[in-house]
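Following this message is one structure expressed as structure tokens.
We just call them A, B, C and D in the order they show up, numbering each chain from 1.
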Amino acid sequence: MKVKEGTPEQAAEGADSGKVDGDTTPVPSESDPGTESRQHMHCVVGGAHAFILRISSFFGLAPLRFESRSTGFTVGISNAMCIYSYILVTILVICTIFGLVAEINVGVDLSVRMSSRMSQFVGTCDVLVVVLTAGAGVYGAPKRMRNMLKFMESVASVDTSIGAQYSLVTERKLCAVLIAILLFFSVLIADDFCFYALQAKRIDRQWDIVTNYIGFYLLWYVVMILELQFAFTALSVRARFQAVNGALALTAKHISIPLEKVKDPTSLNIFAIRVAAESRRCANNVSLLVDTLPGKENAVIIRKAVSGEPKLVVPPCEAIRRLACLHGALCNVVHRIGNSYGLPLIVILISTLLHLIVTPYFLIMEIIVSAHRIHFLVLQFLWCVTHVLRMFVVVEPCHYTITEGKRTEGLVCRLMTSTPSTGMLPSRLELFSRQLMLQSVSYTPMGMCTLDRPLVASVLGAVTTYLVILIQFQRYGE
Amino acid sequence: MKVKEGTPEQAAEGADSGKVDGDTTPVPSESDPGTESRQHMHCVVGGAHAFILRISSFFGLAPLRFESRSTGFTVGISNAMCIYSYILVTILVICTIFGLVAEINVGVDLSVRMSSRMSQFVGTCDVLVVVLTAGAGVYGAPKRMRNMLKFMESVASVDTSIGAQYSLVTERKLCAVLIAILLFFSVLIADDFCFYALQAKRIDRQWDIVTNYIGFYLLWYVVMILELQFAFTALSVRARFQAVNGALALTAKHISIPLEKVKDPTSLNIFAIRVAAESRRCANNVSLLVDTLPGKENAVIIRKAVSGEPKLVVPPCEAIRRLACLHGALCNVVHRIGNSYGLPLIVILISTLLHLIVTPYFLIMEIIVSAHRIHFLVLQFLWCVTHVLRMFVVVEPCHYTITEGKRTEGLVCRLMTSTPSTGMLPSRLELFSRQLMLQSVSYTPMGMCTLDRPLVASVLGAVTTYLVILIQFQRYGE
Amino acid sequence: MKVKEGTPEQAAEGADSGKVDGDTTPVPSESDPGTESRQHMHCVVGGAHAFILRISSFFGLAPLRFESRSTGFTVGISNAMCIYSYILVTILVICTIFGLVAEINVGVDLSVRMSSRMSQFVGTCDVLVVVLTAGAGVYGAPKRMRNMLKFMESVASVDTSIGAQYSLVTERKLCAVLIAILLFFSVLIADDFCFYALQAKRIDRQWDIVTNYIGFYLLWYVVMILELQFAFTALSVRARFQAVNGALALTAKHISIPLEKVKDPTSLNIFAIRVAAESRRCANNVSLLVDTLPGKENAVIIRKAVSGEPKLVVPPCEAIRRLACLHGALCNVVHRIGNSYGLPLIVILISTLLHLIVTPYFLIMEIIVSAHRIHFLVLQFLWCVTHVLRMFVVVEPCHYTITEGKRTEGLVCRLMTSTPSTGMLPSRLELFSRQLMLQSVSYTPMGMCTLDRPLVASVLGAVTTYLVILIQFQRYGE
Amino acid sequence: MKVKEGTPEQAAEGADSGKVDGDTTPVPSESDPGTESRQHMHCVVGGAHAFILRISSFFGLAPLRFESRSTGFTVGISNAMCIYSYILVTILVICTIFGLVAEINVGVDLSVRMSSRMSQFVGTCDVLVVVLTAGAGVYGAPKRMRNMLKFMESVASVDTSIGAQYSLVTERKLCAVLIAILLFFSVLIADDFCFYALQAKRIDRQWDIVTNYIGFYLLWYVVMILELQFAFTALSVRARFQAVNGALALTAKHISIPLEKVKDPTSLNIFAIRVAAESRRCANNVSLLVDTLPGKENAVIIRKAVSGEPKLVVPPCEAIRRLACLHGALCNVVHRIGNSYGLPLIVILISTLLHLIVTPYFLIMEIIVSAHRIHFLVLQFLWCVTHVLRMFVVVEPCHYTITEGKRTEGLVCRLMTSTPSTGMLPSRLELFSRQLMLQSVSYTPMGMCTLDRPLVASVLGAVTTYLVILIQFQRYGE
């Protein structure tokens, strides 16, 4: 299996539009997500993306080597980290399973979390789902990272073509959101732990709780980081769709279509996550490609003028062609991310659905039947919030991506309607429009479902109906 | 953020087709729905639209300044009204919450609406949903109105292009429907109030009921007005889709395609809601646009002949191009309305679903188990009717809009099939058809669901299944 | 509202392709389904269609005047029949309602069908649903028939263009199916009646049963006939889609595309239902149209050669254009039929869903709990079969129509792939393909749902899940 | 009804691109799936396909005559085998029904599988579903095989055009998977049998169990083989879609589009299932076709060079045209397979849904309520696994096919975006893209549902919700 590794962009040197020196391939190769790369690949990441990758790396979800650079970190698959990840998660899983078995063996009377056969069953399911998700996350991490490194080249090529720049403010905001979510989750986990430890203290089993559940709580962290990693990856791709739309709007402005208003003169620079493919390697590959792609294939579409205003450096017709190429490449990236995170995402969705059915039920029963355990009430409420939050962490970035995809459709429509019917432009736009009809911008993990807001709506609808039935029946059962 | 404010149409002066004096831009700018406009914008509204806006304004849902004109009212965002709205809704919400707390504290035995823990829970949910909807409605009102003023320019440009006229009869009918719905709702609210006051009188708590629930009942009004406001806005846009379809049919007639029959010689005049963008302001903007859009971009497509018959003032090919532009602009308006009303609509839909599950259940139980409280029976029946009505008030205008969208598709198909294959017309129609495939005419609040009849069908299906299960079980529980 | 009445086809005279004497308009006018025609329209129907219309007419569902002709019956709206229909259904509805009230008043102990408050409620719902369906059917019949007469002209124009002939065998088969369904239903109704009469005989109330339920049973007939009428109308349109597909296949054969195999040399003659528009009237209209549509618009596409083989009488390119027109017109007919039968169909679907939930439940309970009332068992089983049959009577013709629509898509694809890329043919096929993408061939009564097999699947799925839940619970309730 | 039987490909002789001797028709005829072929058709199959057909043939699901050849087996419909199938299944069905009746008559107390009226009902349903599926499978087998022989010609024509070769390794893997599934199922059936026989031994009824259930267990085998047969057929078609995609990728490479990377130099040879149409028959038909299709229609697109590398033997533009034809033909094959297996697939899906609701319920109840019957627990778990496996056996091949269909769309998009806008290529690609929009690659048995992963998701969702409700209620019922 020959993996085309090269085709990087000399992002740093700000090549002129006339100067085509090898940094050409605008569109990455379609490669099988499942292929193993023979050589280590490298990629420069910065900002929030580097931050989440470092955290992921600590939890075994990103077995990467980080080398500090001026612009960020060069990352590459590291075998040592792979081994670390596998050992870490294996130990945690074994701990958790042993803890679970110990807790079940202790019997219904002494256990604080499993005070009946039913809660033994529910508790076991809960633990197994977390183990499964974390396992799917960590054991699949090397392959996922390898894929990530590959599609980051597509993403970096978009950055080069569009002339995008790094926005420190957005970066910091994203890091803040990330830290806030993690802090909230840590507080919740700590509180949950304390609650059961306090309960167990009455029967002097608090240390058993600590030893039996420590693995479980740490695996919860792995699951959470995995979700955040997916969310950041999806947000990073979405920022490129935004950039392509910005470039489309700029093209529209350039050909005097008065309908477009670029939201902000610096909008093309809002890149939440910095990615740059390294250019040193694979010069041979590139030269090979230069043979097949003559010089006109130079990828740069937009460059900042001296005044700070972005402007087109190619004719509109050519810009449209290249933007269509970039859009196709990004669609492909979306497809591959969906494949990479397929199994963990499906497990996460199912577990969220189950949790969203069970947790509010306990909460509402606690409110209606007995309202004196205020700590338990708060805890259950926080878990409800967490599960809803988890669902949104997964779905919202996908929703934003879909929205950008729809915006592209709107912009292409508008360009089609308004361009004069002569020249190459209409035919290029027609091609783009047909491409948009055939390729959808959506995450479909394992082809099971589309991650979007209607999925949230149907999950919430199912949960609501279910709760209403339960409460209605409960009432007549009293 | 630079907001393009101008591009109005001199709707009043009935410009000749030869006289193109700056009032040109046929298609409005795509502007971010979330942008704050730096300058106050104005818009002339009349008839039913002015009526609903005035009522909305009273309930804090339209913080506008109204200036009387010969043709209607000039409306613009008013800071004073914004403050009034915020104060009004804040007071109502605080009243309601305090009332709710007071009612809960009075205990299960003394309360007439919350005679069990379960009904305390259900009642609290009910109140909170109403508070949430009204809050989302009023606090988002200024932004929503700002958006409305913007997209009204698109709407007004359609009016100018199509040569539409104001129909007093339709206007009056709409106002009558509006007043009928509000009267029905007032009677219901009053009846509900009396029922519980009477019940409370037995234990001498009737004044508590009044003070505890007055805020709740007033917030119900706010919710109702919000729904009607959305319905009227959607109907107003739908009237423009109808007009575009009418113009398409006229174009078909003009190029001797015998398939089209304009339903009514005056059909192009049936405009339920009068909107006219003011033309005085923003002359500078317009002149800017005139640079980019030369004189041939004159928007007028159809004008009334002396005989009263509407006729095309541009060649069919050009008419198709402009109608496609108008259609795209209207699709954009639909999209922005969906965004503006997103959160309130979702809350309304969820609350309607919940109410439609709970209310008929009480009604049917009352019929089967005990049929002596005839007043309660009638009240529950009226609430059922109201909730169904609320759903239809929201969904029907959207359904009509979708139907017009489908009619456009049908008309374009027909034109495509029948036009000769020479000249520019086929390529223009092809463009239009591709635009129709890419852009959908549908309201999707927050991207959660599409507001259409199948949504009603699935809601009714869920409610039916649920009721059958409950009743079937109830039967064997007796 | 001016209704274009004319544009008939001189179906009888077998005009030559060179001889264009007025029988021209290949595509009918798009007319509003809600318009009242000023003049009485006439139409010649024969065979199974005439048969079902006569039966419908007897039950008040087709207020038509029938005049015998050599080729069938000339039908036209008859005011006398309208009055008869209204009187008939009003009497039946009043009888039913009075019977229902009498039965409820007799009390739970004496009634044989309403032996508990629950069965009083279920029985009332049952009666009201039947009354509603029959009412919607009969009171809307005149408008529906007026629409039918209009779209029959479209249908007749297809017949003329394609050179279709009448197939007596298919006709007789259809009549046999119709009679079989009606006989089965009559037996069921009679059996149901006898069962309850026998039960009532024990307490000497058999005559009360007769007088109370006679109206209800007769209204059931009206509902059944209404469903069959819709099914026949849909089948009749579907036969024309088949004919268009046949003509497409013939065209493919003509231009030497070896992929098509006409199933049967006489396949173009299989017309289940004979429709012919009369040609005498509206010559003035036609001449008007002839002005706009010059002689080349002659509709005949296929004519039987002397050898009995059908052959094209126009060049393939022109044939494709005309078939696209006919296809569009048929799509329009489908849309209008969906609108005409909208309300009754929705009521029928909901009532079928409810019956399919309730009836099998009684059946299964009877099997599991007590198996000694063998007559009741058989009766419930027959009712189950009847409700499933009713659903299929409504859905299957729609499914067949959708299948024909898909076949058209397949044929056009195949023609597109195989035609040489020169000449007018590719552009005509492209137009056809775009038309197919925009216009769907499906019945969507009131826009609520699409009548197709997935609807059946979801209904059956809901019923199955529901029954499993009920039985599972029943088990633990014992 | 004239069935075009010929148009085979001389697959063996490796015809040169210049040498067009009759083996031409690249696309098979669209023939009605329901037609009876007048002559016996033959087809050469090999490898895993021959293996599954032989097993099917033994169980009456493939009434074929096998003649050994050098390259595999020539298969053709055999009347003797048809009679054998019918007799076999009739005997089994009668055995099963008699066994069921005997078991019911033995009474609730003595029976080991039907220890209550409820389990009598559930057990009867279980048996009847298996009987129905096996009956639908075997009685429809001759028609299904006749269809299979027809569409195998399409499949063989793809093989010839693409220059595909047989891969022994994949073949053996598939056979291994097949045998593994069958072994697993045999073990399960044997275990199930033993469990009940052991239980029956306590009351000395073990021989009754053997005689009563032997037919039932054998029919289970028939059902399983039927599912595997469908899965293999679908996988075989999917391998051809893969080959078409491979050829598309090769074409892209040929016209110097650097985006495509053929996964593997020998990827075009991975054909899991060998099919070759025989060329001796129907020379007359072919010559007929040669008249209409001149020599340029030679089907070979790709041929292995001496170096083992596949290369295009026609210009890219022509290659695209032919690949579009092949793709259309394969879509048609998919459609016909869906029709052939329609009824059995629907019955299988419904029975799987029911089993997936009932089996895990017993399993979970056994775990929660009483955990001492460890054998029963394991048995129920294995049945759960089997039912999930059955669903995946049916759905996964369809999912893979859909994925290949999406890959084709992606490849065509990419070609569209990257080809120069001159020459015939863009218009050919446009045709292909429109064809892809009109024709879907999906299995829809009886038009009821689409066999894909979302179907699995909705089934699993329904099962999960149902189980949660049952367990939750169970808990409060204790």
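By our rule, contacts are C-beta pairs under 8 Å (C-beta built on N, C-alpha and C of every residue); 3 or more make two chains touch, one makes a residue touch a chain.
What you see is a predicted model, and the numbers here were worked out from it, not measured in a lab.
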Self-check item: Intersection of the contact lists for subunit B and subunit C
Solution: none
Self-check item: Angle (degrees, nearest 5) of the CA superposition of subunit C onto subunit D
Solution: 90
Quiz item: Taking shared residue numbers divided by all residue numbers at the interface, is the value for subunit A and subunit B over half (same) or under half (different)?
Solution: different
Quiz item: Distance-wise, how many Å sit between the C-alpha centres of subunit A and subunit D, to the nearest whole number?
Solution: 36
Quiz item: Can you give the whole-Å distance between the Cα centres of subunit B and subunit D?
Solution: 50
Quiz item: Multi-chain contacts in subunit D: which residues touch at least two other chains?
Solution: 434, 437, 469, 473-474
Exercise. With chains as vertices and touches as edges, which is it: line, ring, star, complete or other?
Key: ring
Quiz prompt | In contact (per the touch rule at the top): chain pairs | solution = A-B, A-D, B-C, C-D
Quiz item: For subunit A, which residues count as touching subunit D in their complex?
Solution: 1-4, 25, 27-32, 35, 117-118, 121, 289, 292-293, 321, 324-325, 328, 331-332, 335, 350, 353-354, 357-358, 361, 424, 427-428, 431, 434-435, 437-439, 446-449, 462, 466, 469-470, 473-474, 477
Quiz prompt | subunit C contact footprint on subunit B (complex, rising order) | solution = 256, 258-261, 263-264, 364, 367-369, 399, 402-403, 409-410, 412-414, 416-418, 421, 426, 430, 433-434, 436-437, 452-454, 456-457, 460-461, 464-465, 468-469, 471-476
